[in-house]
Amino acid sequence: MIKTFKEIAQSLDNASAWQQKYREIMLLGKQLPAMPEVLKTDDALVPGCESKVWMYLDFDLEENTLVIVGDSDTRIVKGLLAIVLALYNGLTPEQVINTNAFAEFQRLGLIQHLSPSRGNGIKAMVERIQTMAQQKS
Amino acid sequence: MIKTFKEIAQSLDNASAWQQKYREIMLLGKQLPAMPEVLKTDDALVPGCESKVWMYLDFDLEENTLVIVGDSDTRIVKGLLAIVLALYNGLTPEQVINTNAFAEFQRLGLIQHLSPSRGNGIKAMVERIQTMAQQKS
Amino acid sequence: MFDIEKIRADFPALAQLINEQPLVYLDSAATTQKPLSVIAATEQFYARNNANVHRGRHTLSEQATHAYEQARATVAEFFNIAINELVWTKGATEAVNLVANGLTEQLNSNSVIIISPLEHHANIVPWQQLAKRTGATLLALPLQQDGRFNTQQCVKFIELHKPNVLAITHASNALGNLTPLEAILHAAKQQNTLTLIDGAQAALHLQPDLQQLDCDFYVFSAHKMLGPTGLGGLYGRYEQLNSLSVYQTGGEMIESVTLTETIFRQAPAKFESGTPNIAAVIAFAHAIEYLKALDTTNVYAHEQAIFNYAAKKLQSIDGITIYSDLKSNIGTLSFNYKDEHPYDIATLLDGFGIAVRSGHHCAQPLMQHLGINGSVRASFAFYNNHQDVDLFIAALQECIALLD
Amino acid sequence: MFDIEKIRADFPALAQLINEQPLVYLDSAATTQKPLSVIAATEQFYARNNANVHRGRHTLSEQATHAYEQARATVAEFFNIAINELVWTKGATEAVNLVANGLTEQLNSNSVIIISPLEHHANIVPWQQLAKRTGATLLALPLQQDGRFNTQQCVKFIELHKPNVLAITHASNALGNLTPLEAILHAAKQQNTLTLIDGAQAALHLQPDLQQLDCDFYVFSAHKMLGPTGLGGLYGRYEQLNSLSVYQTGGEMIESVTLTETIFRQAPAKFESGTPNIAAVIAFAHAIEYLKALDTTNVYAHEQAIFNYAAKKLQSIDGITIYSDLKSNIGTLSFNYKDEHPYDIATLLDGFGIAVRSGHHCAQPLMQHLGINGSVRASFAFYNNHQDVDLFIAALQECIALLD
């Protein structure tokens, strides 16, 4: 079962030590369904990453919601990706625009993972999601 | 009349202020006979100098002494050159080898002019003179 | 409020004695002095934050990377350009070389490159080499006998020769003269000419808005803008920048490497191979912050006041020839006294604690144009005060007394 | 006497907390920490002696020039080379580029260039570019599956291909493995091959006598030898060095310039265009003085002791694969844990204050050769102590517990 963002936030808040937090994040990654191999194209690769990160972005016209699929070859990044997906997947463009991943990551004590210097692709992902939302809104 | 090195040293020692010293140096330059234009070839130019410095080095086989002629387009360098000439001109190779221009310039309070960073060619001149002396001794 | 004494206190090197007399530093065109914040940032980096940037998964490396990229943003904002339009180089010289080299494949024997006769060697020799490599023709803009450009002449020259590339200085390092860039850049644009401006001298004094200036490339050196040595920058309009062929190759600038093939990254990374001058980049951002905190208008007004004051005093000395344009100048006075050698004047001035430069100022073609072997150059920055001028002029008069 | 605690006190950056735990800096292969004397020299330069070098006729400029050239002498002596055989560059990367570019006119489509599969990208891509420009063939020395060279194989390869140029590292940055240089350089000499050694990693640890090593070129980076960022060096046997064609052009490196023609100076000036990284050069001499003051033999013995201690502990952990050659190594441990991603290990280690590197270490061909995507790299320097190793191993075990 995929956790909602609220549930994720709660379990991260409950983490007593940083190790616990990472354990939680990696667990989230584990629970994220693997991305179908056919979607792992070069185009889907988020560039400039040390770890491999794939992201597939689509728009469901009927539902007027964003569809996001992602994967990574590292556990921690995959976990962070799961958090981003929990935040944004299935939202309407307007909802996406009103959801500030930076603020949420800040609140979760994970903001350093969104730093451009991390080069882990999470920041690039969030930006791509926001860009698509702007285009579709 | 060209001053002997001893006379030069004396008048520099007598200089009360640095201005006086420079006045003396420039005077020495003025008293140095101009180098014949035909000797001012590109070969005679000491390379890498901001001011132009020409030096013509020869060896008098009969007298077994070095013959040094030099000139510069700046007054101060020409004066310093006059001091070097007064030190070395007409000496035998052995005498040249035993005459340490660095020590003398140090004693005169002019050592900074022999610094490689000056790039005024005086140091290069002294080195050339010593090299020739080594070869001829 | 522009409190010059408060500002001077920020520059520790200014407060020293040279030959037992207070230093009067009039060699800012060669390199500027550094404010305390720049010195402290350098120290702080090495004593605490030192780490290599990019690809490091540990805290120190991330902090360094963050500060490094933040510095790029700070400097880009200062010049009003996009972050990815700024390439770090080791100096203005390297920046010109990077562009001249990167254009090799875009030029051929029908191409025309225009420079000017008052360029610094750094903005001459790389173009000579490019012309040699490609067979392109290298021309120089007309310059009046007095070392100033006639704008109309320049515009006509550009219209006539329709250059592919025009490389020209924003201000002359030997004279301080400002180039009439607006008209020249406009004329170049009409001909679809790629333009490179050498801002090594001007950037500190004019703090240019590069979007407004509307050139394709602009180069500068950090050490002439209160920053550390070993760092410079290249602005390139993104498309033109990215279309340059790669320059230095190695780590950092590649996407992937096999033994047989390499895929390069996009600009600016494409041009930044190897470990960058991290400490200098971070410290340079502090230099720019320092400059921004002073009001540009005040800085400029003060500099011009000092310059005019010095020019007037210098003019009033018998036997002095001034080569600088006194009407349109970033604050540099280039002069000779009668036919005395600049070396002698500079050496004697140093005895009085006055630091000026003498020689050809790496602008030999300009010296040939002016018919001189060299000159004495006193170059001012905003941290100079009226007393500096007074001491300089008094010392110069004593030198003259010694020489006459 | 090698007093490790006294030495550590000279490196202020080592004495800090990262994530509330004492920093264990195991990323010296990326960049080393700096001793106080280097930091102080930098500060002193900017706060007092700051001036541009060469051609300045004032006291500050002369002092700076003197210190700058004195630094060249200090470093040349360290490597046992002549002063005019040392060119300052902005880093090892630029030094390789300078040579690869300078050889363009000496090679053609019959030429052979040999590199190796474990080179850093900086010692691969410039040679690829050279091969492309000249039509020369680029080959790689045979490397065993385990990442070590078989000396006899290498010698045979050289005898077979008779390369014009051989560029190889002194020690691998990704693995720390030492190259069997003596035999390789000897074989190359038999073929009149020009040799370039990439000493970026090895220079600090081995403090090589370059005359004895008997290569034609040797490159290094100051920042990996306790010195500042933005500086590197190129040693070149004078004749070979001077015969390279010019690289960057501009001020400082020219004898004379007219608008149509330029005469260049001789090496090393010929290759040093523009204002150099003066502060870094001067500070780097302090780094070298610091190294010289420690006894080389003691330093090396301590490094090897730490390395062996760490290797033994690491080997004893189940599931760890070590890629480094443990017999002949400058002090770098490259490893993976099961099939965990190095990114995860490095990120978790950072939580414990342990700074290691993860990834391909700018050596993608080597990673391909080893059949891995990357590794975790712990690199040691003489300022590491046994406690660093203990903390590292303990943290690694906790990471493993988290991952399993």
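All chains are identified by letter, namely A, B, C and D, in their written order; residue positions are counted from 1 within each chain.
What we mean here is this: a contact is a pair of C-beta atoms (placed from the backbone, for glycine too) under 8 Å apart; a residue touches a chain by one contact, two chains touch by 3 or more.
Note that this is a predicted model, so its numbers are computed, not measured.
**Q** Just curious, how far off is chain B from chain A if you go by their C-alpha centres, in Å?
**A** Between these chains, centre-to-centre, one finds 77 Å.
**Q** Roughly how many whole angstrom separate the Cα centroids of chain A and chain D?
**A** That gives a centre separation of 38 Å.
**Q** So, what's the distance in Å between the C-alpha centres of chain D and chain C?
**A** 31
**Q** Chain D: which residues touch two or more other chains?
**A** Expected reply: 19, 55, 57, 61, 343, 347, 358-359.
**Q** Hunt down the residues of chain A that sit against at least two other chains at once, touch-wise.
**A** Counting only residues that touch two or more other chains, chain A contributes 50.
**Q** Line, ring, star, complete or other: which one describes how these chains touch?
**A** other
**Q** Please list, in label order, each pair of chains that touches.
**A** A-C, A-D, B-C, B-D, C-D
**Q** Give the list of chain C residues in touch with chain B in this complex.
**A** Spelled out, the residues of chain C in touch with chain B are 19, 340-341, 343-344, 347-348, 351, 358-359, 373-374, 398, 402-403.
**Q** Which part of chain B faces chain D closely enough to touch in the complex?
**A** Interface residues on the chain B side: 47-48, 50, 112, 115-119.
**Q** Under the definition above, what is the set of chain C residues touching chain D in their complex?
**A** Residue list for chain C touching chain D: 12-13, 16, 18-19, 23, 25, 27, 30-31, 33-34, 38-39, 42-43, 46-52, 55-61, 90-94, 96-97, 115, 117, 120-126, 128-129, 138, 140, 221, 223, 228-231, 246, 248-252, 254, 256-262, 273-280, 343, 346-347, 349-350, 354-359, 362, 364-365, 368.
**Q** Which bits of chain C are touching chain A when the two form their complex?
**A** Checking each residue of chain C against chain A gives 53-55, 57, 61-63, 65-66, 68-69, 255, 265.
**Q** Could you pull out which chain B residues touch chain C in their complex?
**A** Residues in contact with chain C: 18-19, 22-23, 26, 50-51, 73-77, 120.
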